[in-house]
Structure formats: C-alpha cells, structure tokens
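Read from first to last, the chains carry the letters A, B, C, D, E and F; within each, the first residue is number 1.
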Amino acid sequence: MREVSIETGVTKHAEGSCLIKIGGTHVICTASLEPRVPPFIKGSGLGWVTAEYGMLPRSTGSRMRREATTGKQGGRTVEIQRLIGRALRAGVDRNALGERQITVDCDVIQADGGTRCAAITGGWVALRLAVNKLLKARDIVTDPLVSPVAAVSCGIYAGQAILDLDYAEDSEAGVDGNFILRGDGALIEVQTSAEGSVFSRDQMTQLMDLAEKGVSELVAAQKAACA
Amino acid sequence: MREVSIETGVTKHAEGSCLIKIGGTHVICTASLEPRVPPFIKGSGLGWVTAEYGMLPRSTGSRMRREATTGKQGGRTVEIQRLIGRALRAGVDRNALGERQITVDCDVIQADGGTRCAAITGGWVALRLAVNKLLKARDIVTDPLVSPVAAVSCGIYAGQAILDLDYAEDSEAGVDGNFILRGDGALIEVQTSAEGSVFSRDQMTQLMDLAEKGVSELVAAQKAACA
Amino acid sequence: MREVSIETGVTKHAEGSCLIKIGGTHVICTASLEPRVPPFIKGSGLGWVTAEYGMLPRSTGSRMRREATTGKQGGRTVEIQRLIGRALRAGVDRNALGERQITVDCDVIQADGGTRCAAITGGWVALRLAVNKLLKARDIVTDPLVSPVAAVSCGIYAGQAILDLDYAEDSEAGVDGNFILRGDGALIEVQTSAEGSVFSRDQMTQLMDLAEKGVSELVAAQKAACA
Amino acid sequence: MREVSIETGVTKHAEGSCLIKIGGTHVICTASLEPRVPPFIKGSGLGWVTAEYGMLPRSTGSRMRREATTGKQGGRTVEIQRLIGRALRAGVDRNALGERQITVDCDVIQADGGTRCAAITGGWVALRLAVNKLLKARDIVTDPLVSPVAAVSCGIYAGQAILDLDYAEDSEAGVDGNFILRGDGALIEVQTSAEGSVFSRDQMTQLMDLAEKGVSELVAAQKAACA
Amino acid sequence: MREVSIETGVTKHAEGSCLIKIGGTHVICTASLEPRVPPFIKGSGLGWVTAEYGMLPRSTGSRMRREATTGKQGGRTVEIQRLIGRALRAGVDRNALGERQITVDCDVIQADGGTRCAAITGGWVALRLAVNKLLKARDIVTDPLVSPVAAVSCGIYAGQAILDLDYAEDSEAGVDGNFILRGDGALIEVQTSAEGSVFSRDQMTQLMDLAEKGVSELVAAQKAACA
Amino acid sequence: MREVSIETGVTKHAEGSCLIKIGGTHVICTASLEPRVPPFIKGSGLGWVTAEYGMLPRSTGSRMRREATTGKQGGRTVEIQRLIGRALRAGVDRNALGERQITVDCDVIQADGGTRCAAITGGWVALRLAVNKLLKARDIVTDPLVSPVAAVSCGIYAGQAILDLDYAEDSEAGVDGNFILRGDGALIEVQTSAEGSVFSRDQMTQLMDLAEKGVSELVAAQKAACA
C-alpha cells in the first residue's frame, strides 16, 4: 500500500471537503448539500447521495482533452462516477438522511493509478464531514452514515497478486480489480476484469484477501482524518 | 436457468448473426467484418473486436426514449457495450485475427432481465460464425477464437443466491452480479454490486459456484447453435 | 409486388406490434400507448399519433454508424419518421381517440428497399392492434381508425414504371416515388423525385396507377393480419 | 400568383446572389463557389451543388428560437435544404460543371408562406449568376445549366385548388403541395400531403395544372432577372 | 467614419426593425417583444433586454460554416451577443419597462469590419421603435429608454489611431478597440485589445477621443432614423 | 490588493505549474508543451500559446453544474479562456518559440472574485517555468518571453474606484474592469463594463492608475515565484 494522506477542509465553500493523496494520486473531494432530492424519490422521505468525477486536463502524463470541450463526459468518466455514487450510498441510511441530496465531486489533480478508489475513499471523508455539520446543527438527529466506505485496487502483475497498483503497474497488469468494502467488512462491490490474461478462482481469492487488508488501512486513515 | 434458444442466420447482410432468447429476453446479435482496424493499433498486426448495444424503445414495459433522439448514449449503454467488447476480446487471439475489425452489435428486441449477459453469449455466436466464414474462405488460417465466452447474472434475492434473474427478480435483488467466463473455466470478468444490501465473502462464493454452472449450460447451447 | 407477410404480437410489452416482411425488407413495428398528449394539444380533447424510425446498424449491406453514437438522427431518418407520423394520422379521427398519444416505433431489422413504405404499412397494423385493445377495454367507444393506411414505392427503372422497388432497382431508378393511400382509395401523400432523370406527366400517371394497385394488395394483407 | 420580384447582386462577396420576393416572402439567396467537391465524388470528374436553408428568428409572426442556439437544425430545416439541393441538381449537368462545388444558401428574411419554393426559384438565379461568372472567366466552356428550375406551392383550400398559398391560406389548407419543374416542362419533384383532409386523383390533376402555369411565370421572372 | 444609413421597418413582423449600413457592413436588426421575463427576474417588476447575433454564411469573403450545422454558437458569437445585450441594457430603465422582455436579433447580411458596433447601433434603433409602439399603445407610461446607445471601433493601424476600421484595416491593426457610449456621453463599455502590438496610455487616450467623436455622429443618425 | 501567494511545481506531470492564491481565489495553472501547432499556422515557423479555463463545481458558494455534463462550455467560460490566451500571447515572441504549442490550463479550486485575473497572472508563471525547461534543455536558444503578463480587476464600488475586488465587492460594483498589462508597463487589454451604472472619462483614468499599481505588485510576486 502506498502512503496515504487526507487533508480536510481544503475549500471554504463546500459543506465537507478533503484532498486525498494515495502515492502520486491526488484527488480533491467536496460534498455539497442541497435541500431537495431528484424527482424520482420526491415525497418518499428518503435522501440521495450522488457523485461526479473529473480529471484536470494535465493530471496525466500527457494532456487530455477537457471533457467540457468535447461536448460530453466520456464512457470511462460516466462509469466511474456511477460507481462512486453507488458505493457511497451503500454506507448510508437514506431514511435517516431525510429528503436532502449530497453531491460528492471528485476531481483528480494528479493521477498515478487508482483514481476511482481514491475518489471513493476521499469522497467518504467529504460526505462524513458534511453529515457531521448536519448533526451538529441538529438538522438531523440519527447519524445516517452506517459504516465507512473505502476502496482499493488489486491486480495480477507478472503472475502475482498485488495491492494498490500505481499507473506503471496498472498498465502492465493482466488482471485488474476494484474492491469496495465497508469498515464492518461487508462487501459493496467487486469488479475484476481480465486485461490481456484471464484468471482463476484461486487468484480471485488472493485478490480479495489483499483487498480486505488494504481497505482496513484506508478506513483507519479516514477515521484519523475526521477525528 | 431459464430456457435458452439461439437461432442463427437471422439477417442476410451480416457476416454472422443470431437471435438469442433467454426466457423473455430476446437479443439480435450481428457481427460485421471490416478490413481495417482503429488508429491506435494500425500497423501492429493485431485485430480488434468491439461491440455496441442498444434497446428498441418498446423492448421494455414502458417505452424508453430512443437514444438517437436524446443526442447521446446513456451511461448504462456505454458501460454495457464496453463490457461486451472487453469480454469477447478475452476469447480472441488478436494476433491470429490479423489486422481486421469485427463489430458485434447487440440490439435488445424484448427485455426481461439479463440483457447484457444474453448479449455477450449471443454476441459470441455471431462472432464465431463470422470467423468461420473467414476460415472457410482461407482469409485466415489459424482459428483466432481461443475458447467460447458466455455470461450469466446471479444475485441474492430474498437472502438466497439464485441464478439467471429475470426482470422481476432483478428489481428486488439486494445484490446483483454478472459473471463472464470462458468455456475452459477461466474467469474473464466478475462484477458484483450491492443494490440495497451488502454481502459477505461466503455469499460471493455461492454466486461464483452458480455462475460456473450457468455458463457451462450456455456454452453447450452456443456449441449446438454453431454446429 | 414482392411477397408480403405480417406477423403480429412479436413483443410482449407493446400494446400492438408486428413484424412486417416485404421481400427482403423486415421491420418491427410497435405501438405504445400513453395517457397524455404533447403540450401543443393539451386540453383540446384531441389525441395524437406520432412515429419514430430507426435502422439496426447491420440491417444494410455494409454496417452503418449507430445514430445514438453520432449524437443525432440524420436528415433521412427525421424526414422518414415525420412522413410516417403524418401518414398514420390521416387515417385517424383524433376526436374519437381522445387525449391519448400512440407512438409507433418502426425499427428496420433487414433492409432491401422500401423501408419507409413497409414501416407505414406495418405501423398501421401495430396501431390497429393497440386501438383494438382500447376498444375491447371500453376505454374508447367509437373506433377512431377511419380507414387503413398503406404505402408503396414506385419508380421509373430502365424507362419503365415499376412497382415496389427492391434495393437494387431503387439504386438504379431514375425516378423514385412513395405513394401513401387509404383503403378507401383516398390519397394521403404523393412524393415523386427525380434521381438522375426527370419525368413527364404521363409517367406520373403510370406511377399512380401502379401505386393504387399495390396499396390494395397491402390493405388486404393488413386486414388478414388483424383478423 | 402573388407579385414576384428578383433583385440580383445583393451581397458583394458571393459569386451569385439575389433577393427574391414572392408576395410577403423574402429570401436572400447566395451561391458560393469552391474548387473542391465532397469526398464521395472526389476524382469522379463530377461537380456538386448543395443547399442550406435558414430563417432569421423574427422572419415569422412570433419569434422562433435561433437554430444555432438549439444545437441543431430542426427536422423541417433539414428536409427543406435537402429538397432545395436535389431540385437544383436536376437542372445541372454535373459533368460539364467539373470538380467544383456550389453551395446555395437560402436565408428567409420575412416569411409569408411558400418559403421553400421561393428558395428554389431564387436559388436557381444565384446559381445561374455564379455559373455565368465561371463561363465568362472561361473556367468552364460548356454551360452546365440545362434548364431553369423553379417551384411553386399549390393546395386545396376551402375545397378549391389554388396556386401560390400565402401563410394564412397555407395554415388553413387541407392539402398542401410543392411542385418543382424545369423550364422545359419536365417534372423534378412532386410532394403533395394531406393536412387534415385527404384528396382524390382529380384534385391531384388540378394541382398539377396550376403548378405548370405558376412555374412558367416564375421562369420568366428568373430569365428577366439574369438578363 | 464611413457612410452610415439606417432604414427602418424592414420586416413586417417585428415590433421594431432596421437595416443599418456602415460602409460595406450591413446588419438587419429586429426587436421582438414578449410579455414574460426570464426565470431569474420573475416577480421582480423589472424588464429584460437581451440580444442574439448571427452572420449569414456568405456575409464574408469566403463562406463560413452555418452555426446551426456545427451544433453550437462559436466563442466569438457568444461573446458578441453578450456584449450587445449588456450594452443596450445600459440605456434602459428596467423598472420603467416592467416585466416584459425585448429580444434584439442582429443578423449580418454583409460584413466589412465593425459588425458588433453596427449591431449595437442598429439594435438600439430597433429597440427604440419597439418601445415607441408600447408607449403609443399606452402599455407603458414612462419612457424606459434613458439615452441612446451606440458603438464604434477604433484601432491603431500603421502606428496611427483611426476611427471605424473596415475589414482590411481591422485585419492589419495592431490594436483593436470597441467603445460603447450613450448619447449623454457616459461610457458603457471599453474593450481595447493588443492584436500583435501592445499600446500606451497616450494611445488609449487618442482612441477614446476618436470614439467620442464617432459615437456622436452615430447618435445623430439614430435620431434621424427614428424621427 | 489582497494577499498574493504563488506556489510552483504543484503537479509532477506538467512542464510548468503553480497554485496561485489571491485572497480567497485559488487557481491551479499548468502549462503543457506539445511539439505541434494548430493547422492554421503549420509551416509558418511560429509557435502558439493557448489557454483553457474551468471551475470545479464547488469552487463557488453554491454548487455549479459541471460543464462536461451540460454538453458545452458556457459563454462566460469561452470568453475568459479566449482572453487568457490572447493576454499571454502578447508577452510571447512566437518566432523565438518556434513551431510548438503551449496550452495553459487554469482551473479554479476556490473562487472569491477576480478568477480570470488570477488565471492570467498564474498562467504566466506556468508558462515561464515551461519555457525555462525548454531553454535549459537548449531546445530553444532565445528566450521567447518578452515581458511578464499580469492582470488585475478594478471597479467602481459605492462611487469609489477600488483595486482587486473580491466576490462581495464585485457583486455590488456598478462598473467592473479587467486590466492586463506587461511588466514593462505596456497595455495589453482593457475591458471596462457598466454593470448597473455608467462611468465617466475621469473614473476611467482612476481605474487605470489603480491597475498600473496592482499589476506592478503582481509582477514582483511572479518574479519571486520563478526565481
């Protein structure tokens, strides 16, 4: 696992925010609170947590075209932000949140592998801080955050299962996986893909063992940051 | 597992085609051969297999807006077609295919759960038939198809792991997974998501056992259809 | 006139549906009923019938780009679906239909000339079946369908007026026309275009004679299918 | 037939231009010459004539949204500009034109019915003037313009066939047609549509008789303007 | 200063309209009145004046692509129309206008430098005429137009400050400025840009002196046109 | 003038980068070097400097919609990034730069007024650092950067000319201006707009005096940061 640092309160406007650094991957996460929910749950009494993801054009080795100029978010971006939203919601009691929406924006300042996992882990911190504000103001009484959510990538590189791939490892890995878990050990999402080589049930087991170990480190860092 | 039927040769223009029915889910799959590859592999000697996915507006219980009129493919569509392409490529020796591209189009005529899995399974059949034509014409000499690729959904519904969810089950399932395997047993992609409830390592194991069973049935149906 | 076949009830979700085959041209037509009308006739007591048209990417000899990926419907598509909607409405008493909308989707599975005419002819069958359901359920009391609507293409090919052109004939024809009539003989729309050669009043008369003959065959097939 | 006036040379930049007024309908038509043709005919030795159509936002009774701000040309616009291009090409010998493209832009300054017919008639004048310039400069030797092209609308209004409908008549007409002819009497395009009421073969004949009369007046006005 | 002519009442539909010619630059300006305001000022009692700008494709030396076909207004267009709207509003007492919106459309028929300044100057005339209609009909009682608004370009060309640049001068000018003033001498907007060479405070002063002179001529022409 | 801080080298991938803070306004600026220029200057021997601008969704008091999801950059964004590019180019000898392009991306992390001025000032630092790298590597021999470029906003607030407006002042200011100057005192761009109240020549002079003072402070900060 690469070095993890989480600095909170990095923007004055957002209800919750942090800059998470996992090795060379740096992501600014903000949580924005709104008093209304999307139309499809209006009147249900339930809250909503959603996420958006972006990369600064020069967060990568060579400059990427800005998505605002291409006229749409690319397939990879859409996939990632749907994943972040789904992951965070698995740690939230939407009844306890009540009819409010929290949008978590994850913007990659510098990329070096594992940006979606860093976004989920940092996004949870921003969400935690925004909800703390609601609790402190007694806008809500029961904490809607059930258990912290964190994510780590694992893959098979040179025949070996390894944890938290950086960009160089990720580019070479034959199998690449993202594992999202809660602090209580429950699984939220498992995505393992062959990227050039297939894999066996045994290798799948090794990856999951590594992921459990990595996530417990991340959850410790999240708790320290929010303390 | 719901009843599976695969009818081949359903359109006269495509190099390979089938109509796959898995219960109430019906998908037309066509494979289109082109003599050139995308720019990023030009001159590499490698081939390319890609996929696109669509749903007829009234393939579903209530009419969906046609994506051509909304001005873009939705996030779900993009995610699914990237998955189909990645899955099929894991069964292909791109060196043996040579510098040609095969585009697999999967269009859902009637949806009743598991459309992406049906698309992968039927898409493989279309691909197999198109490649057979190349082999027969001696345009290529070594079969580039390594092992059949098939996919099945499994989920946890009412606390129980079940195989091949239809739409009603899928809507209620707390955990939903898609498993893509090869005929030789190798894993290609595992995607398991919490949809309302989280899951344990034990449940993950049960889902994978079911998936192996389901895929072997599908591979048998693929072979029978291509014989 | 090429062989005509109309199979009804091809999708379980739509209120009305058919697969129409006119020679090598195969189109799935569905009619979807909605309890509300577009804003411009809200409160008028009138109903609305509209249509959309699409082609599967490999319905044609070489694969076409999917319109959902190009970001918009092409000019030809827009022209055709406006034509289909206008044609079908000419057979409908919108007062008797009441404030409901029926959307007819026509998706070409395999193209071999005359897809817009097949779409109109099959679209009418889907509409008829959807309206039959409304009548049976006594949701409406007076049949809003005045007279069946059908369409046929005629053209001048090698100096000779011919009926129901297939793709090969259509590509070579110097003049190309689409004729939409009602079962009671009334004209709905006449579109005749020079495509390489111009034409005379005499030739126009020959085309119209052929069209009347062709449409009466199609109306008979529609009636048989709905019986 | 409403009063017709055609003023040529209305913009200094275009190779050919005119302002055509047919009653209250005013259209600026320009012809722009380019030394290259679209990719699909490159190297064929053939020329190309194409057209684009637009309306100023306040050319109509109530302001229309500018198409540049809606992000695309509407279906009506696309239909009309395809029609104009097709019509003009029917009067051109593309071999004699050689590998050059002429784009005819038709922009409606004030609309009062029949804008597409005015655009075709005025567009021909702009085209004629641009070609005259090529002939004068001896860039081409054989006149590629075979016979003038003009268009007129006819319709059935209050049960009666009438020529050259203004906006008020057009809005009320039960049947609406556009007739495009050449100066030599040949038919180029006939489009007759039911708009509320259907029509008979007899009525079709009356409309065509009127159209022939109207077009001959327009051709005379074109000739006078270009003299 | 090039010759200025302003012809009013050039389209019958608009509440106010003119064709302004400043040398070879010709712009049609129309003012369209609507009884409602944009959402952000609804209920405030204030009115709104906004503007849109366009160029006919062949208003320029070589044909430009039509913005409606490129799918969006270019950066230059957006900048210009925001400028026109802002400029005109500086001459309007929005309280006296009341909750109505006037949209000023400026469409360039022929361009020869200074189109945005011509659009502002002509746009004011169209606005003045539309407001006169409101006053005459006693829909409003206090004249909301405080003082006429006009604009002129000045630049530094061959080291010398000059007034009202035509296209040839503008292309060569090292510094290019647009100056918007009111008839009462107040400054509304000053935009001076280095285009190849920078400039000094002294030169800035010369440009402003020229601008004051030019605008007073334009205001006289506006008054004469509206009289 | 609010407190200014410029931290360089904030991302490891970009050829030049800084985080500029002017009071509560924080902008990340990166300069990306590419070995090719846009088509319109290919083969001219000249280089190109261009800029793009963006705001993180929660850089502002209430969350803004991400431009990548709206399908285009808004008018304000386009205006600002054109301004930044134009400003920076006024400090560059494009002959000395040679045929290479430098893209300066300015992304606002936290906004509190004057973001475009901060972007220009910080953008220059990123550009300076990227060019230093080229000089050090002896890829170019003559320094193409003529004189530093910096920008400051000034406005009239409560009747008084003031320097470097924060968001609260900017919202209330009746006149708002952006002044871009070079370190050698030359003017690059002056943009002064009435926002609710007009202004006089005297006030214009006061604003320009303030701007000269502000820019000299900024240039000192730029020099210190690049030392």
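Of note:
As a convention for this text, a contact is a pair of C-beta atoms (placed from the backbone, for glycine too) under 8 Å apart; a residue touches a chain by one contact, two chains touch by 3 or more.
Predicted, not measured: the structure shown is a model, and the values here were computed from it.
Between subunit A and subunit D, the least number of touching-chain steps is 3. Contact count check for E-F and D-E (C-beta pairs in contact): higher for D-E. At the interface between subunit A and subunit F, over half of the residue numbers involved are used by both copies, so each side presents largely the same positions. Between subunit B and subunit F, the superposing rotation on Cα atoms measures out at 120°, rounded to the nearest 5.
A straight line joining the Cα centres of subunit C and subunit E is 50 Å long.
The mean-CA centres of subunit D and subunit E are about 33 angstrom from one another, to the nearest whole unit. The distance from the centre of subunit C to the centre of subunit D, with each centre set as the mean of the Cα atoms, comes to 28 Å. Residue positions 71-72 of subunit B each touch two or more of the other chains.
Chain order round the ring, anchored at subunit D and oriented towards subunit E, is D, E, F, A, B, C.
Taken in their complex, subunit D has these residues touching subunit E: 10-14, 17, 24, 28, 30, 32, 34, 52, 54, 56-63, 66-69, 71-73, 77, 103, 105, 107, 109-111. Interface residues of subunit D facing subunit C in the complex, by the touch rule stated above, are 72, 75, 78-79, 82, 86, 90, 182, 186-194, 198-201, 204, 208.
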